[in-house]
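Following this line, the structures themselves.
One chain, subunit A, links the two complexes that follow: it is found with subunit B in the first and with subunit C in the second.
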Partner chain A sequence: MAAFDVRFFIDTFLIALTGIPVTLILSVIPFLIAIPLGIGIAFLRLKKVIGASQLFAVYSSFALGTPLIIQIYLCYYVLPKALAEFVKFLGIGIDIYAIDPIFYALLVFTFNTTASMTETFRSALNAVDQGQHEAGLAVGLSGFRSFSRIVMPQVFLIALPNMATTAVNLMKGTSLAFVMAVHDVMAKARIEGIYSYKNIESYLGAFIIFFILCFVTERLFKLLESRLNAPWRKGNQAKGGEVEVAL
Partner chain B sequence: MIEIKNLSKSFGSHHVIRDISLTINDKEVVALIGPSGTGKTTLLRCINFLTCGDKGEISMGGLTVDCRKHSRYNLLNLRRKSAMVFQNYNLFQNKTALQNITEGLIYAKGLKKPEAEKRACVELEKVGLADRAYDYPHRLSGGQQQRVAIARAMALDPEVILFDEPTSALDPEKVGEVLLAIKRVAREGITMIIVTHELDFARNVASRILFMDEGIILEDGAPDEVFQTPKNERTKRFMQNYNNDFIYNI
Partner chain C sequence: MRFDVSYFMQTIVRFLPYLLIVIKVLLYSVGCGLILGSLLAWAKLSKNRVLRGLAYAYTTLIRCTPAVILLLLLYYGIPLLLNLLLGVKITNASKELFLIISMALFCGASMSEALRAAYTAISSNQFEAAISVGMTDFQAFRRVLLPQVVFVVLPPMANIIVSTLKEGSLGFTIGFIDLIGRANVLNGNTLGNYLLEIYISAALFYWVLSGTIIAGIRSLERIFGKHKITY
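After this line comes the complex of A and B, so read on.
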């Protein structure tokens, strides 16, 4: 076995770095879409809306109960074919196969992340006492106001640690996008490795980049948590007496 | 004036409220007493539609809302005419004592923030908690939280304040301070409906007692009347337990 090629390692590392924007796109966009969708679905499930509740329960168990790689393969191979048939049926002259594979990647990651986000918000919504919303209604806030001003701030803070886990899982999951011919960090490193037969050097580069990305993501969430970390949480030192009582 | 007309409510096959009609006049302090699980709290919650009755009508301050067909707008207006004090306080956990009071003043009553804060401070002063205005609920004792909740209800200047077992979650030491705060509210001449198990307090503060059992109001009268000369058999039995002085021999 050849010795570790430092020169090659640095070169592939730099190439892999150029995949970061794609990795970030694949992480950030599905995450941002998943938040409102997750809240909405969690709400429907908690309200036990007939039909929707069962539908999304099945959705959750599909999305979370099957390997991501299979979801990716299914989405990548089945969906274009189905769409092409559909387009042919409608008689519109769109070439489905010309669509950038990144859209399929975004679709599948959103599909998967929304399910995790739904579970995150479902438990967080459950954790906030129903009485908080009732008290909001009782003082004359509208349902929406009570929900957005009283319930949701509490829900978000409870959900934040799980949201961080979801974000890191999503980011790690995007490394599978290479099977869809999306050129993210992993794909770039892999291509270099395959052509040169220097797999260790190439994958080590991807390893380091993903480690840093995930580490930074986690830190960002920690930072956000401490920023948001309101003095109203139990166990936090309240900053009472900071402001003079204006009588 | 609050008018409840033919109100019924059942949970599944369990009839919690059976066709209750009731008129409560302005400035009346009504204590709603009776055994546990007889629909007292449900009746109270039906008045501001936190629980929606199956049928019947609620009228308050010139607004009549039918249980079977009500618009969101009507519910909001009805709730804005009333205020509620809950058994487990239900202070907004993410708001300070002061913000708990200003929240409704700003977003339901449309007051400007400085005005709302001024009003809130006055109410906090009344319940003796002006110095805790900037504390969050978890920093306050149960009794203090409930006093803030009373201040929150008072600040809204409602037609009626609904008290749902306001002292049930408190330890005996803290019950006194909350009852005192309620008494003060009563003296201001605000209409109140109090669901309570504190019979002494009910007798002392209320101008009218309602005794409820199995979803029906069995007795309705002045405190002395209901406590000393109840007409209904069920009320008599209930009052016997209360009037008897128990002697424990050890």
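After this line comes the complex of A and C, so read on.
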């Protein structure tokens, strides 16, 4: 086994750096989509809407109880086949296999992240006292106003630490996108490593990039948290509960 | 696209022995992770600044590293390091061992956070009260603090074990044949014709397993919470 090749390490590191935009796309877009979806689903489940509540409980438990890699396989291999048959059935001339794999990657990461976001907002919505909403109504706000102006800001504050965890987990999860032939940081490093048999050098580069990305994300959330919490620094600070996996 | 029910049943039977491998890896990883996590939690609570700093740095490092990358780095890196430093040549090390090591490293980091949080949640009065009735430090820890820590730490523990289970599915990236590895092989052998059946049955195994873990911990919570006095 050869020793560590510094030259090669620097070269692959630079190549892997060009994968950062894709990694960021894969992390930011699902995260932003998952927030409203998560709030909506959490609301449906808390209100115990018959049918939807049970359906989304099963969804959450599947998305959080099975490995991401299986969800990726199911989405990336099965969905195109199903779509192709559907298109054939409809008789439209769209080539499903021409769709960029990044579309499937975005889909599966959104699917997965929405589930953890739902759990985050479910516990945060639970943590805000019902009296807050009622107080809003009592001073003459409409139901929607009271909810959006009084309850939601508190919910966001409580949910923030768990949202940070979700964001970092999502970013780490995108390192599996190489399975879907999406050329993110990990995929670029991996390709270099496989062709040259210099695995350590290439994965070390990917490791450094991912560490920095995740670390910065975490710090940004911490910063946001302390900014938003500043007015309540003394005394009763809102505290978020642990996200519980509901099964 | 069709779903072949009889083939689906066949794959479930075929996967059963591999479920044992998954459980074995999980048990070893969680066991080692618990030991590592306790040591780290102890370091985080200690008065030694260097120790504390190292434990926190380790947790941050692990929290910001994707599981696949750590696994691959260890798998390729440890033999190289051993070769460079000690001159030992490892040619056919057990892939299972590398998987367990990397999962335990992950598990230990999150376990230490859960344990530390649980320990700080229990007021120091408890310890002082135990000392004042004549218990030794160890007795106070074992009889008074530990039972309470266990109760507080159980809910996050369920999450940690489930995520260790999920991350353990990445063993296929180093060529370890567990449930996912077997599913991939089977999928290759059947040229992708039974893709849906194979991966749905694999998902089902993991789903049931994580459901069992959560339900198990819930019932443990009930057992440990039985004697809890509520004021």
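Here, the second predicted complex is superposed on the first by the 230 of 247 C-alpha atoms of A that agree within 3 Å, B and C clash if a C-alpha of one lies under 4 Å from a C-alpha of the other, contacts with A are read in each partner's own complex, and residues count from 1 in each chain.
We take it that contacts are C-beta pairs under 8 Å (C-beta built on N, C-alpha and C of every residue); 3 or more make two chains touch, one makes a residue touch a chain.
Remember, it's a predicted structure, so these values are computed and weren't measured experimentally.
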Worksheet item: Taking the superposition as given, does A:Ser142 touch the first partner, subunit B, the second, subunit C, both, or neither?
Response: first
Discussion item. In the overlaid three-chain picture, which partner chain does A:Gly173 touch, first (subunit B) or second (subunit C), both, or neither?
Written reply: second
Worksheet item: Now for A:Gln154: first (subunit B), second (subunit C), both, or neither, which partner does it touch?
Response: first
Worksheet item: Can A:Phe207 be said to touch subunit B (first), subunit C (second), both, or neither?
Response: second
Item to complete: Return first, second, both or neither, reflecting whether A:Asn112 touches subunit B, subunit C, both chains, or no partner chain.
Response: neither
Discussion item. According to the stated criteria, A:Glu134 is in contact with first (subunit B), second (subunit C), both, or neither; which is it?
Written reply: first
Worksheet item: So, does A:Ser60 touch the first partner subunit B, the second partner subunit C, both, or neither?
Response: neither
Worksheet entry | Greater residue coverage of subunit A in the superposed arrangement, subunit B or subunit C | C
Worksheet entry | Where subunit A meets both subunit C and subunit B, residue numbers | 242-243, 245, 247
Worksheet item: Which residues, counting only subunit C, touch subunit A once they are in their complex?
Response: 1, 60-61, 63-70, 72-73, 76-77, 79-80, 83-84, 89, 155-156, 158-159, 162, 165-167, 169-170, 172, 180, 192, 195-196, 199-200, 202-203, 206-207, 210-211, 214-215
Worksheet, complete the sentence: In the complex, the residues of subunit A that touch subunit B are 129, 131-132, 134-143, 145, 149-150, 153-154, 230-234, 238-243, 245-247
Fill in: For the subunit B and subunit A complex, residues of the former touching the latter
48, 50, 72, 76, 79-80, 82-84, 86, 88, 90-96, 103-104, 107-109, 117-118, 121, 125, 130-139, 152-153, 156
Worksheet item: Contact residues on subunit A for subunit C in the complex?
Response: 1, 3-4, 61-62, 64-71, 73-74, 77-78, 81-82, 85, 168, 172-173, 175-176, 186, 199-200, 203-204, 206-207, 210-211, 214-215, 218, 242-245, 247
